[in-house]
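Take a look at the structure set out below.
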């Protein structure tokens, strides 16, 4: 899994029908609490908002987490992070 | 998923028979709305044109989106982007 | 598989229900015994602690190692490293 | 999929028996028609030769393209490129 | 697949039970015959030794090559390289 920051939202009228109703967010991967250049798009399964730090799964795991192995998604938000504790000091 | 820009089209007469009739596009990954060096080839499932920004899935998700788990593709265009909204200001 | 160092622990109240009870650790990939910048999150299946060096599997392998193909995880700790021996001299 | 240049051929007597008779080629990933440093090995399913530009699939897609889901390969050549047209001028 | 050099061996007493008896090697990816910084761990299926150049498969392909889709491995050595011939001159 990856820790990512939600930085945006995508609208796409012309798309695979099974994506209808799916909330697609723009994310940036985080490293040591810092937002990096690495950008990806993920389906939001837990109601995350712009600015929140989230847990993202990818590949076939994302499809299954979203409820069906035939969904055309390969990344999904599966948790909103409260705290990350690393080596005795709290990061967030 | 990735946000990519369609930059080209591929013709290949000698190929796996199941690729017959499949529209193969050359794409560049985008980051923060800017086209990067990262190049990939994807099957077009929604009729995207050169110059358009699209949503691309990869791996086994691409095969299933294209309709069959035995298709020899590992990336597919599943949406054409209208707008990307990031942190209160519209990017496109 | 990857060799990683366990550097932290994640708490997330709002998450996919099937992640309930799953211990999620923050890891850094190691190279030649040195901790790199590459950060990832993995489910802990063997009771690893912060500071330990571990063996991590990813993708669908991680789901199956954790016991169910529908779990929303794509990385899992499957072993705690005692020693790495490289070319006649012991690294750890 | 990736666009790659075929740069070499591999011989390996001691290998998994199911790789017997499989032609293994050394490839370099191309970007914008230029051969990059990224090197990989793929099974050749269409009779490509050294110096040709090809379409390569990876992961479980490669196994299925080669005809069996249990084959120990994770990359396969599935097409030989005639032309790549990008933004109104022919690259090759 | 990747061409890698075997550079080490891993011992881990505390691990997933199904890894019992599995020989885990430390590898470095090769490029153009030169050992790079990219480090990974793979199960050895063909009896490779430290210093040998090998063919490595990853992902679900590795599990199946090792004999069972539920094994907690995502990389496996499936061949020991005799020669790599690139563009009319022998590399090894």
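Order of writing sets the labels: A, B, C, D and E. Residues in every chain begin at 1.
Note that in this section a contact is a pair of C-beta atoms (placed from the backbone, for glycine too) under 8 Å apart; a residue touches a chain by one contact, two chains touch by 3 or more.
As the structure is a computational prediction, the values presented were derived from the model and not from experiment.
Asker: For chain B and chain C, what is the smallest step count along a path of chains that touch one another?
Answerer: Each step joins two touching chains, and the minimum needed here is 2.
Asker: Compute the distance, rounded to whole Å, between the mean C-alpha positions of chain A and chain D.
Answerer: 32
Asker: Could you work out how far the Cα centre of chain B sits from that of chain D, in whole Å?
Answerer: Computed from C-alpha means, the inter-chain centre distance equals 20 Å.
Asker: Among the residues of chain C, pick out those that touch two or more other chains and give their numbers.
Answerer: Chain C, residues with two or more chain partners: 59-60, 62.
Asker: What's the ring order, kicking off at chain A and moving to chain C?
Answerer: Here the ring, read from chain A toward chain C, comes out as A, C, E, D, B.
Asker: Show me the residue ranges of chain E that touch chain D in the complex, using the header's touch definition.
Answerer: 1-3, 30-32, 45-47, 55, 57-61, 64-65, 76, 78-87, 91
Asker: Contact residues on chain C for chain A in the complex?
Answerer: 7-16, 19, 24, 26, 37-42, 50-51, 59-60, 62-63, 69-75
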